[in-house]
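Two complexes follow with chain A in common, the first pairing it with chain B and the second with chain C.
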Partner chain A sequence: MAASMGRGRGGVTSFQKKARAKTLQIPGTRPSSQGNQLLVSTGVPSLDHIIGGGVVVGTVMLVEEDSFGSYARLLMKYFMAEGIMTHHPLLLSSAELHPKQLLSDLPAPVSDDIGKAALNQEEVSLEKNVQKEATMKIAWRYHNLRTEQPELGAFSQFGHYYDLSKTMSSEMRDTAPTRLFYLQDELPLEKQGVWTSITNPAYIKLLQSIQDVVKEGQFDLTVPQPKDVPRTVLRIGLHSLGSPLWGEQDSGSSHDSSLPHFLHALRAVLRTSLAACLITIPTHLFEDMAFTRRLEKLCDSVIRLESFAGSEKEQNPAYKDYHGLLYIKQLSQANCLLSYMPDCNDFAFKLRRKKFAVEKLHLPPELQDSQQREQDDPVAALKTPSASCFNPSVKSKLDF
Partner chain B sequence: MFTELNVILGFDHLKPPKGQFVLISDSLTDGSFLIHHFLSLYIKGGWKVCLLALAQSFGHYNTVGQKLGVHLTQAREKGQLKFIDGLNHSLQAYTCTAQDGPDENPLRCLRDKKATLRPLYNLVKTHVCGEEGVLEGPTLLLVDDLSLLLSLGVPVKDVSDFVHYCRVLMCPSQQSQGAMVSLVHKDADVEDEENSSLFRHMAYHSTVHLAVEGLSSGYSRDVHGQVTVTFRNVQDPSQPQTRKRRLQYKLEERNVSFFAPGTSRAVL
Partner chain C sequence: MLQQVLEGTEASSLVVVEDCVEHDGRPVLHCFCSELSKRCDSVHLFHLENPAEGFLAGANISKIHSHDGFSDPLRWEEQKRDSSADRIDLTSPPDFLGHIKKTPSKASPVAVVIDSLTPLLQKYPGYVICRALQRLLRARLESDGTEVSQVVAGFHGDLHDNSTAAALRHMATTWVQLQEGAESPTQGGAGFHGNCEVLHRRKSGKVIRQDEVYHISPQWSLTSRVQKTPVRPAVQGEQEPQADPTANLTFNLRLTDTEKEARSRVVLPYMHHQRKRAPDRPAATPGGQIFYQPDDVDDFDEEDPDDDLDF
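Coming up: the complex of A and B.
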């Protein structure tokens, strides 16, 4: 009975404490617009903007991987790099490549001088454009606006800018305490009797190590902390969970409850800790959509990446500026009545030489005067029927 | 507590109705705002509430409850609210080792295939009943949510047995003292046989069914979805068996506004 009543007076969850201690200032986080929750940046400012400011501390963000996993790996690297820049301790787990390999290839931050110089250059070129178009007579209201597609939320302050062409130096990397969990090092997993026949022991081991880090690093909010100890947020990155190397049998049928149980227990740990978690799962490997849906319901925020590499969409002229689509499937509803509602749900990402950015999907304008054949029309080819609430915009000739 | 919804449901906010088995189902969207509605409605109505929370922590319900005007920590201290922390039990079931003593965990079926949900039912019964084993005074059992039990690996048969036992305990007839509210996920675009068979069992027994879904025309910022309310009339065979009402809703910071389809403030 006592256990079921919760932890009683001492059992304070993370969000209650923040309500009382209004000055819980942790570097690298900012309060969310909905209520008193903390957000941490994903490392990509445009992605932060569309998911409502960042990843909510105490929740799990799921990234459903693209077919080759490269962009999901990139997002994980950004998340870890952002943690190093803000001095958040990291916990990284992976099964296929050693976490050290992931960490050795983080994007280098753009230093302030270079960042400001770039901004200055942009302003100078903008002024030149303005001078050239100062004689706009008809559309004169618009000549002060930028001529190119602006990135979403490019001027937020708690995210950092990174340069993908350079790697973060090892000195900078070593400043942040990191814990690594490499599945191959943990083998052979100790037998736990009857329990292992029901559930995957690899996930149990992973959860135990997460719990250990939370306890040792004093991220647990149920344990009262002395006032002078500065608090910080733990960033947990679980790369490519649920891949065949983790022991997922039957390509993830809905009868195997190991991964859902792991996610449920992870939620229990995170709700009372100062930690934010980013998980990437290759859901395209699962045959059963119902299993994927169950995993999504157990995570708080879910986005899905779909890259054009190797698919017929690569040749589609409508998508020529982008490398893939990004779908927001769910946003965190922890401690609020409603989640952040974006304006639209058509986002695409592109990977330029130096950075990865997410933008609203804009189809190119139709410049031909003559009526094209239906087969040649790239816009019509984008019709994808879907019954979901987040419906990509269906373009038909009747729309205006 | 959303007053417009109370009017539509015919629930009096001063005297919430007894003997109701309310089923909330959601498809491709999140229907948990209705859980908060019923929680605040029955707490404000002075009922004893037993909240079996599998999906979220106590802090979540407390924070949202404060926005809706109920103080859950106070209710818990006074004894009006009994909170069963499903997240914690599941975590303990996950991380316990074979060396630990005899298992007191109500969710031990998650690690022991031979156990059913009976320990969980016994726990609910101890919270809800007095010494004689019957309900003392109006009591509500709120389950959030049942599909999670399926995701965690509990067989459909065990979950529907559990629901049946709880229903017989709380609201076997319209005149009984208790009521029960539960949430099931029923996504229209995936074929989840376990969820749909559980949903059908529950819909058969329910007196009021609220189906939450997104708009068929797609995502909109001003109208977040629609709720279809189905009343099942089990008493009077001469009257039509089911009555349906359809409403659209918009979630806001502290409230959810319900309106007839097409009359959203953004449209008019």
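Coming up: the complex of A and C.
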């Protein structure tokens, strides 16, 4: 990739290489520790922390949506809001909601450090009020240690904090040039018939639109640019791609390969341009797991959201603090041999009134032995794998 | 919840009633039809599986426009066609909004009841139906501005695979699944009743899932009641009384109150240092600090700290 190591704004080190390499200093990005990469923030600092610092410029990040799509939409809003704060141009596409509707509901940024600290403080004090701290008699050395876990990514200066209870003002929103792609406008619904060809015209139009924006906005790295033009990174957000409104037909056995073609072509466009892309796909609608795997392999970083809303996991006491689970399926491996390895693999997210945060999933401690038998304890049921002779939910004659 | 959606207290733009062989969804659709004719200015009924008369009893007929998809959907009797009535053709992709726009009276807001999506889903792929429904829901954004306030559709769960159901569930704001419970709907003077599970998604993002029992009176009004799920006995049943370890012993293990108080005042060996510091303020440097207090026998010699030189 032609984007060589540069010192991003809010730089971490004052080290400067002696070589006369072209340093690309783009506001809102920072160099990655993994390789010769530039990273942009997703807008949620805790999510940035677990995927290795942010989304690598030139790659595609796939978010597999939860059952009702609300948290994936929230992540898309954070991504766009971050783009506006760092003055990156945006390209947003959607089929169900008009992109203007998504953009009108972006979270407002918390303006300064005092505000940020106040945001964190409010959450912490809410939790502390629940239990009074008893002075410990025997383990008194632990009395001075903090009880709450430090928030992931709290110490990095990359990424902004947002307040979900307020929306971003329209003047701030207008500062970043945005390009919208609403499927209903580009391909009017009444003219859409049954698509029998292998290539879905909706994806072709979307790809054309992305290529046009990349060329016009001079994000293409293969074309030499004059030195005085300031470079910036384009943020592409494709909301709910692959939903039935995009013509994705799931006949149970096979999908046509338009969406994999599109993702392949998208990656080719992105690799040679200064752009980062976030796609959300409702993969829970696809019955064929192999199709989902193909889509995952064609994207660089993949995370999956699973929300507890409306499912039986909502009542599980182990999950009572969280609103859903987050699985990291794949991390970007562009230009390096090994991707970033997170130290743990169980993450959960919670949506508070003002903030969306990702945390490590901790099972609560088993303090009482009120559950006499382990199969009655839902917490223990999480730990034991289901491939055992005890199956607590189904009583089969083979249980012993 | 079903009653609230029916009456309009819970706003829901797309309601899908999924029924099965044992539990027919037509009475519920009929109730929706009659209730919507009271609430909205105009109701468009697309009946594809049953004749319109089955839905019109007890409703305000002047407000209901029926679009006939039942009599001759595949255009076999082209000559005998009555061109005045509006008919739905299954030979071309479904276009609900187009049919609505063709009706002469332009009343707004409009409610739509679709008897069943099954004949359409059998002819066309799922995404075509989703697109037609989406167009109905977004009708407000089109140029002539008809506003569709609510769409109610019937769906036969037994006839379609899970992926089609999943795609529709993704779009629907309320999904009513009629269940084959022990109480199947009985006809007769008492009306209909049965079990259902309602999954309702509010605009704020909150999802509510409830098991309910509904009852339809002979005048086609629906009442529903939440049915509490039986509590799982294993988790919340009464616990066995804990065996008291201090009973039935030849020696005394119990403590009197004064003894308990004296026990709490005993200074344990490692507690001693705590008295010296203020325990409430967290330490500036987390971690331990070492306080060394030499004993009487400690002979701390600077020149020979290990005390092993032997001259």
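We adopt the following convention: the second predicted complex is superposed on the first by the 311 of 400 C-alpha atoms of A that agree within 3 Å, B and C clash if a C-alpha of one lies under 4 Å from a C-alpha of the other, contacts with A are read in each partner's own complex, and residues count from 1 in each chain.
The working rule: a residue touches a chain if its C-beta (ideal position, glycine included) is under 8 Å from a C-beta of that chain, and two chains touch if they have at least 3 such contacts.
Bear in mind the structure is a predicted one, so any value in this text is a computation, not a measurement.
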item: Greater residue coverage of chain A in the superposed arrangement, chain B or chain C; value: B
item: Partner chain in contact with A:A309 - chain B first, chain C second, else both or neither; value: second
item: First (chain B), second (chain C), both or neither touched by A:E287; value: second
item: Partner chain(s) touched by A:P260 [first = chain B, second = chain C, both, neither]; value: first
item: Partner chain in contact with A:S165 - chain B first, chain C second, else both or neither; value: neither
item: Partner chain in contact with A:F68 - chain B first, chain C second, else both or neither; value: second
item: Touching partner for A:I204 - first (chain B), second (chain C), both, neither; value: first
item: Touching partner for A:K297 - first (chain B), second (chain C), both, neither; value: first
item: Shared chain A contacts, counted only where both chain B and chain C touch the same residue; value: 192-194
item: Chain A contact footprint on chain C (complex, rising order); value: 93, 95, 98, 124-128, 130-131, 134-135, 138, 141, 161-164, 166-167, 170-171, 199, 201, 205-209, 234-235, 239-240, 268, 270-271, 274, 279, 282-283, 286, 288
item: Complex contact set, residues of chain A against chain B; value: 1, 3-6, 11, 13-16, 19, 34-35, 192-195, 198-199, 204, 207-208, 211, 254-255, 257, 260-262, 264-265, 267-269, 271-272, 289-290, 292-294, 297-298, 330, 333-339, 341, 343-345, 386-391, 393-394
item: Of chain B, residues touching chain A in the complex; value: 28-30, 32-33, 36, 56-60, 62-64, 67-68, 76, 82-85, 87-91, 94-95, 97-98, 104, 106, 110-113, 123, 126-127, 147-148, 151-153, 185, 187-195, 213-219, 221, 224-225, 251-256
item: Complex interface listing, chain A residues touching chain C; value: 68-70, 96, 98, 135, 137-138, 140-141, 143-146, 184, 189-190, 192-194, 243-252, 282, 284-287, 309-310, 370, 372, 375-376, 378
